[in-house]
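What follows is a set of structures for review.
The following pair of complexes shares a single chain, chain A, combined with chain B in the former and chain C in the latter.
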Partner chain A sequence: MNVHYYPGCTLKEKAVNLENSTIASMKILGCDLQEPRGWTCCGAEYPLSEEKIAGLAAPARILRQVEAEGGTKVTTTCAFCYNVLKRTNYALKTDPLKHKRINAFLKDDIAIDHDTKEKTTGFPPYHGNVSVVHLLEFLRDDIGFKEIRARVKRDLSGLNVAAYYGCRLLRPYNEIGMDKPDDPVIFEDFITSLGAQVIDFPFRQECCGSYVSVSRPEAASEASYRILRSAKIEGADVLVLSCPLCYYNLDRQQNLIKEQHMEFTGFPILYFTQLLAWALGENTGSLGLEEHCYNPAPLLESLEKAEVAE
Partner chain B sequence: MNQNRPKKKIGVFVCHCGINIAGVVDVEKVAQRLSSYEGVDFSVDYVYMCSEPGQKLIEEKIKERQLDSVIIAACSPTLHERTFQGVAQRAGLNPYQVEIANIREQDSWVHSDKDKATAKAARIIKSMVEKVRRNESLEPITVDITRRALVIGGGISGIQAALDIADQGYEVLLVEKDPSIGGHMVQLSETFPTLDCSQCILTPKMVEASRHPNIKILTYHEVDSISGFVGNFKAVIRKKPRYVNEDLCTLCGECEKVCPQVVSDEFNEGLSFRKAIYMPFPQAVPGTYTLDTDSCLGLLPIRCGKCMEVCEPMAINYDDQEELFEEEVGAVVVATGYDLYSLDHLGEFGGQKYPDVVNGLEFERILSASGPTGGVVRRPSDGRIPKNIVFVQCCGSRDPENHNPYCSKICCMYTAKHAMLYKHRVPDGNATVFYIDVRTGGKNFDEFYQRTIEDEEVMYVRGKVSKIFKEGDKLIVWGADTLTGDKVEMEADMVVLAMSMVPAQGAADLFKRLKISTDINGFLAEAHPKLRPVESLSSGFFLAGCAHGPKDIPETVSQASAAASKVGDLFAKEKLFHEPTVVSAEEEFCSGCGICVPVCPYSARSLNRERGVVEVNEVLCEGCGACAAACPSGAAQQRNQTDDQIFSMVKAILGE
Partner chain C sequence: MRKRIKRGDKEKGYTRSIVQRSGQNVYACYQCGRCSAGCPFAFEMDILPNQIVRLVQLGQEDELVQSKAIYLCASCFTCVSRCPKGIDIARIAEAVRETADPKGADHFGPDDIPAHRAKDLPQQAYVAVFRKFSK
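Moving on, here comes the complex of A and B:
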């Protein structure tokens, strides 16, 4: 199987462990990921201002490139990229005015041939026909959770997992439509397919503090603390997420949380792809776990020991 | 087409309407011009035709000159057609020989050029002369009335309507889909603003209805369809098998003891359990057990059959069957009530996940002395008495973006009542109410609400709740205080959600089968929001209670009584009269193509395939003329509005 894959810039820089574990697990599942040529940043945030056209040009260009390469589907793991690409696609499909203006803008793009350095322009319009899916959706609909269940090599039955959605995967519902925003199940179903135990915790869709961590880190870390505290109270061993910014706030900022809350001793965080890769048989060494503020490797290894001991 | 132009003596009466007409139209000139028009015997103008002297003038001239038809050139026929028909009748002329030429709304009010308006007035009148020349004398169609009412729904509105109709001396069929009458009111604990025990005031009415010689109660029955027309409906009613003969059942309760199937109890809103063979509540009417086949192990003695074995009076019959039967009624009162908007719609409040987040009706059962906790306020999860309780109003109401746009009207009052009753039962507990606005319009309502705040010390927070979740054994309520702009977070042992009221489950389907119109929210539409509030647009259908929109008990009872009195009005008539200006299907021209059948909005036309012609039920025909326009052969002719008349009117208007 072969599918277009848009990594986004964060996965090449701050979240290499997310990218590596994604590629590794997809390889095990027999799926090649193909990056669209010459991709750029998606913009990271769907335009918040009324003038939306400039902000939508970059994601529209990425989607157009996927289509030009014969792709009908593009998958992404970063929740922000997913949100931006999907909403851009929705806008192109449903808003004739935006469709017209964005395409008028992109028509004059200049393409430079790598070898001949020849410049061409006059791009055909893009109508929003590439389907944008999050890797979780791809795993559910294209690979199949059943198939994953069959491929799982490790026993995760002793692991209690808090599945954390954050804000970007589910809202706005009419544009994203991945799952019911108030009562989603896809992440839980994924965790279950790996054989781990899902714990229900009420903060699974609450905001982690997002990029407020830039301007007021202590406010963001307070938001993150409440999420981690809730997961712990409900009996989770680990919190699993898909968004690099959530990861930053929930894991990398744990030292700040510790400063603010004496009783907080740290909590392991994993990208869903790290847990997937490990369940499929990858070793902890290849998952980039040492980059985590709170290293989850001992937790995973302890499971394995327990298994051996039995 | 002019060969059949009957010779008639026609009188033309031109009204000044003060200066309304005469200010723009030269009425004298018009009257003069018309006097020489073919067939016009007499023509005159007068300042107010509708006044007493004006009417007298018309009456005298009809008699004096022995007029065959008259034209009144005045205002729109919607205003005074009946007045002038009455005048003609007094003068011994058939009322269908009167035509109104509208020279006010269609002429003087919309023009300012006097000459042109005068010429137009003359043409309008001439066209009516052409029409009236061919008018037949008609008699109204009379119809008999079946003086028997059908009431759909056995809640307080249906019971009240049935009792009031029955007391007027007419027979009533009261159809209820559940095993007992009583509706939601019988589930309530105490009622605002007097704190009367709901069951105590309702059960005497239930018993009265069951004993009333004019009322036949059909519980566990549903109305399948209704055909016919006002005064003469045929209702098809579906009897659901109860498997227990209500006349034989002695309520000994032996069957219930041996039944092995335990299921959640609807009467207690799922807060307790019942058996598959059950009586919904002790005061149920009729007093009988009902076997619920959805939860029964199977109606085969080989599978279980325990209840049948122990039933001494042999009231249980596993061979009971669903039956359809027809009843003739003259009027229908639709009182199908409401249900609460499902907690499913409010995932963020966790209503389906946390047992201690309950809706208003569940809390009524918890408060009720006959409820699952015997009236002690205990939370469903562990039976503890909640010391902190939060009430959330407008759950699903007044939220046009996500839920229902309307106000459910009763929640402000019942939440105040809930909080008050809670404080009576748990004096050391804390009650908090989240509200958007508190609406207490009603007699003694605001006093009650003030008592809740001042005497019972219930805390009211103006704002909305955003999320409810569990932490340990506490519920955490997040919300906003919109008066201070602060975020609010509080712990609660129990949360009560005042869910929006929606039309009863299955009502939408029923209304479609009855062909009665609803509003945008699925509640029944009234004929006029102010002047005809208990009548449906479909003649012969009346509305009562929450099927028409959220309302409290006093309002429901008033509306039910009003509907009953409207039914009485109808039944007090000797005959029903129907306009005779219906559309025929002339058999010599009708080819039986059937095009007019689906065109008719009143289902008045049907194709007789054997005879190859369309037949018309004249009582159903409202004379809209849609079929006459659709008919390709000219067989569909409306009385006094035939094709011949229309063509000659057009010619007159065009001055040909």
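Moving on, here comes the complex of A and C:
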């Protein structure tokens, strides 16, 4: 199976462990990921103002490139990219004025061929028809959670997992609509398919602080702390997420949370692809776990030891 | 005779400009406060999300653009998903930020990030924060 895959800027540098575990686990599941040629940053934030529609140009260009390469579907693992690409499709489909203005702008793009240096311009309009799917949706709909269950090599039954959606995977509901708005289950179903136990925790859809952690780190870490505290109280061993910025706020900022809250001693965080790759048989050494502020490797290895001891 | 409270022409103009920029009908708000109850940053805000909408209705430009609250919005859309009237408050906050001294200095620019943090931040955080909080 071959599918288009849009990594986004962060996965190439600060979230290499997310990208590597994605590629490794998709390879095990027999799926090749193909990046659209010449992709750029999607802009990270969907422009909310009616005046700032230039922010739609970059994501529309990426999606147009996928279409030009014959793709009808593009997968992403980063929640921000997923949100921006999907909302851009929605805007182009539902707002004729935005469709007209963006396509008028993108028509005059100049593409330079890498080998022949030949310039082309006059691009066809993009109508928002490439379907944008998160890797979780792709695993559910195209690969199938049953298939994953059959391929899991490790026993995760002793692991209590808090599945954390955050904001970008679900909201706004009318434009994203990844799952049922009030009671999403896709992440929980995915964790269950790996054989781990899902714990219900009330903060699974709360915001981790997002980009406010750049400008107001102490305010954002308070929001992050509430999520981690909730997961811990409900009995989770690990929190699993899909967004590099959530990872930054919930893992890399743990030292700041420790400064603010004496009782906080750290909490392990994993990307969902890291847990997937590990369950499918990858070793902890290849998952980039040493980059985590709180290293989850001992937790995963302790599960393995328990398995051997039995 | 009772006094009737009126808004001046200037205030009316401000409300209209927010309505145009955000595409939201701010007059639909009846101040139930569900947005503020759900907001993950309400604990740090000087004016709450429902108060932002009320101030827009009243055209209180100065109070809005000088508030800290508009720079605490993380666009997480919790308020949007809870609003019984379907008002997109994240769009209203964005519109207010846009009207805040368009020619002035950035609220938050590259120089505001301390060097020891700059290495650790993910790229998407930079792109997002400058899109939201700088001109």
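We adopt the following convention: the second predicted complex is superposed on the first by the 309 of 310 C-alpha atoms of A that agree within 3 Å, B and C clash if a C-alpha of one lies under 4 Å from a C-alpha of the other, contacts with A are read in each partner's own complex, and residues count from 1 in each chain.
Assume a contact is a pair of C-beta atoms (placed from the backbone, for glycine too) under 8 Å apart; a residue touches a chain by one contact, two chains touch by 3 or more.
Because the structure is a prediction, the values reported are computed rather than measured.
A.B. asks: In the superposed arrangement, which partner chain does A:93 touch: chain B (first), chain C (second), both, or neither?
C.D. replies: neither
A.B. asks: After lining up the shared chain so the two structures overlap, which partner does A:211 touch, if you call chain B first and chain C second: first, second, both or neither?
C.D. replies: A:211 sits against chain C, while chain B stays out of touch.
A.B. asks: State whether A:80 touches chain B only (first), chain C only (second), both chains, or neither.
C.D. replies: Second partner only.
A.B. asks: Once chain A of both complexes is superposed, is A:37 in touch with chain B (first), chain C (second), both, or neither?
C.D. replies: So A:37 meets neither chain B nor chain C here.
A.B. asks: Tell me which touches more residues of chain A here: chain C or chain B.
C.D. replies: C
A.B. asks: Have a look at where A:230 lands relative to chain B and chain C in the superposition and call it first, second, both or neither.
C.D. replies: Only chain B; A:230 stays clear of chain C.
A.B. asks: Pick out the shared contact residues on chain A: the ones touching chain B in one complex and chain C in the other.
C.D. replies: 181
A.B. asks: Can you check the complex and tell me which residues of chain C touch chain A?
C.D. replies: 20-23, 40-41, 43-44, 71-72, 74-78, 80-81, 88, 90-91, 94-95, 98, 107-108, 112-113, 117, 120-129, 131-133
A.B. asks: Over in the complex, which chain B residues touch chain A? Could you list them?
C.D. replies: 346-348, 350, 353, 467, 469-472, 476
A.B. asks: Sort out for me which residues of chain A touch chain B in the complex.
C.D. replies: The contact residues of chain A facing chain B are 180-183, 200, 202-203, 230, 233.
A.B. asks: Any idea which chain A residues touch chain C in the complex?
C.D. replies: 8-10, 13-15, 41, 43-45, 47-52, 55, 78, 80, 167, 171-173, 181, 205-207, 209-217, 219-220, 222-223, 226, 244-245, 247-248, 252
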